[in-house]
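Look at the two complexes coming up: subunit A is in both, with subunit B in one and subunit C in the other.
The block that comes next holds the complex of A and B.
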């Protein structure tokens, strides 16, 4: 299968901040008079290094096969699934955010998104570590030693960065959800998780404040800023339902007090909060986002395949590589 | 080359004293004791285990500090195995920076974090150079996870703040 990203004949504009895959990316690219490029590596620069050939996608690891088979009826496996979804959400959104390093539309936001990405990937590493201890492999194996359908993040988070407005809206919608989810985990009966949540909440508060400030700034300043926000909202909103798909065995986790609230309750709270926020800004909120995405079961959009390919490439060349 | 005559007795106090000489690589005059990330030491016949906690969960300086701790303590007590554990059981907050640490931050040109764990986007932060409170938050994020960027309107000097978290 030929990958257009690795076709050296294809001329890819460097440092483009507009990538395809959502309708508003095409509109934004047309507006800027540039051609939207395929979802691509961080800097849109094709490697010219003579890299060793990366290994193929690994099979689902045994711990994940067990998790999938038993999570619906086994609380310990459901807990593994919860840790995996927490880790993957933070890893994938952090990775997407890191793609703005060097190309954000302004220096301060380049710094902000790079720093948030670092926080998110740090949180992911912590959650991968908790899971790794439970399943007896190391954290890198958990993070990288899986095929694309072994990832359990919400589909919203894997969508390409698209354009600056889309990235901000996605981050805002996710942060509002993450605040609610962290709150629901802060008194978890699973002590190793409860111990770290308070710490993560304090860090995430900066992210949420940053996102809220930007939504207001875009909505209340120039007409162009507001138009861009309104143009980006529908495609991010349409995928936001993917955040609320129940985890396998979720009822067991709620029953055991590991998770204070089921996804459906988080969804209701989120809709009230986010809907109210946009209504205050006079922005029409679309109907509640639909379900049926499947990210929590390992089903992903076509945008995730090139992302998976990129983020596992070092591990597939050398699983023991160290920085 | 071991000089047993000058070997310091291995006690918790001696370990803490030694750790006052291990610095945050990003703020080179701030020891990890003053930073408030030291959590304790276990001394057993088999060696010693120092426990530290990160300022931010994803802090990349942690591995460096871990190596520095091992090097420092191994220098002082050759032959004693040193292990460093990272624990989030008692998480760090910016309130745990010592008074000495706050002074040292300021001397290095960093505004110390506001007391009382205020996580707000625009707390009143005094300029570390001229002490004016006529300052502006330029960015809640900075060159490292633990810093924010400010500008002093009085002395027209940009400066960094160690974030409250």
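The block that comes next holds the complex of A and C.
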């Protein structure tokens, strides 16, 4: 009996045994005093098939050129910019968090954290969808059809996942900001936005519980946990200022009742809330700078270029493909 | 508004506080935050209810450092797809178990009188029908519709 899946042509080995046991993995093994992680030929493989070549970075799409040129003085374009920054924030942090799938510290956390990453990307999809309808392209084109400097997320969110403590701290700082921002948008005069915000807020409730639970446990449990939290906090804290850079045309949005509070007010509220939380845990934090990053204008750190390359690689192979 | 307090606290009071000393102690253990890694953390048994009319059923179990994290994980494992209207998270240490084979499967004395299969009713029913009683289950006259014998109720052959 011939099984069509056992076509001999398909049986040609297409993998080389390239190990993914990284220097990090060896260092962690040494720290824990266990045997080094050995490469497994069965799993640590990379494809050697000829993959289609991804296309080059696209130019800034026309709708984004228009947005950049007019957002400061045009309320509709400023609203597009708001939707884009909302979407990009969720997309980028969700993508970074999804990098933990399969390698989180324990199975239960792996499932929970992966699910939360999916939530964030789901929220991004809602925002991309709203924007796509306004600029006359589809949501995938908005999400993937831009060069790296077409992304308008805060720089905090593109930083590498680094280690578990850093990822959790980043997520916590971002979630606290995101909740304030969602609150400021929940009664938006732009009704389609207010409608999706209501749904998102209910999903974010779980994220807040998860983040708070982890912060408390890292701070109050073992000395090593606290040390890891305290080591991760300064860099995340310094970059958290990038969340509060004002959007182009923000004053117009506040004036029109689309955004209830400007970024500066969100920053003040966030500092009181998060600063108080850490103070209660005996961890003192300075005020992070609120400017000088540039994410909302499309300026990103060196860490974003490889990330952009990876997250657009499939799209660039065939931007017109239908899924 | 953001609420930084809704952490399901590991210090919440245990439910069993009256006179069950041993259980209390075990509960205290699982309600305290465990150190170490997942390998040494307590196991929590999860029960879920799917619809209002349905009983809670055992769904599975998971490992967590404490009650609060167990509740967070239980939601992800057994509630994230809207599949539960209620979830119970029970430390395995709080569950008492009966495993004694003498209690569950007592020795081979005849206990058939406790079960339906222990009774042979067919002969008695046939005798009753022969007397023409209309109220006998399975008899032709029952509910005034069946004309064939045994039509109204099929008696299983193993009874």
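Everything that follows uses one rule, which is that the second predicted complex is superposed on the first by the 267 of 323 C-alpha atoms of A that agree within 3 Å, B and C clash if a C-alpha of one lies under 4 Å from a C-alpha of the other, contacts with A are read in each partner's own complex, and residues count from 1 in each chain.
By definition in this document, a contact is a pair of C-beta atoms (placed from the backbone, for glycine too) under 8 Å apart; a residue touches a chain by one contact, two chains touch by 3 or more.
Keep in mind that what you see is a predicted model, and the values were worked out from it rather than measured.
Upon superposition of the two complexes on subunit A, a steric clash is found between subunit B and subunit C. Shared-chain residue A:198: touches subunit B; no touch with subunit C. Of the two partner chains, subunit B and subunit C are each touched by A:111.
Judged by the touch definition given at the top, the superposed model places A:297 against neither subunit B nor subunit C.
Residue contacts after overlaying the shared chain place A:216 against subunit C, while subunit B stays out of touching range. Look at A:179: by the touch rule set out above, it reaches subunit C but stays clear of subunit B. In the superposition on chain A, A:75 makes contact with neither subunit B nor subunit C. In the overlay built on the shared chain, the residue A:273 is in contact with subunit C alone; subunit B does not reach it. In the superposed model, A:126 lies in contact with subunit B only, and not with subunit C. Among the options 4-12, 58-66, 76-84 or 130-138, the segment of subunit B that ends up inside subunit C in the superposed model is 130-138.
Residues 108, 111-112, 115, 206, 209-210, 213 of subunit A touch subunit B in one complex and subunit C in the other. Across the complex, subunit A is touched by residues 1-8, 33, 35, 37-38, 62-65, 68-69, 72-73, 75-77, 80 of subunit C. The part of subunit A that touches subunit C in the complex is made up of residues 105-109, 111-112, 115, 176, 179-180, 183, 206, 208-210, 212-213, 216-217, 220-222, 273, 276-277.
The part of subunit B that touches subunit A in the complex is made up of residues 56-60, 88-89, 91-93, 117, 119-121, 138-145, 149, 163, 165.
Interface of subunit A with subunit B (complex): residues 108, 111-112, 114-116, 118-123, 125-126, 195-196, 198-200, 202-203, 205-206, 209-210, 213.
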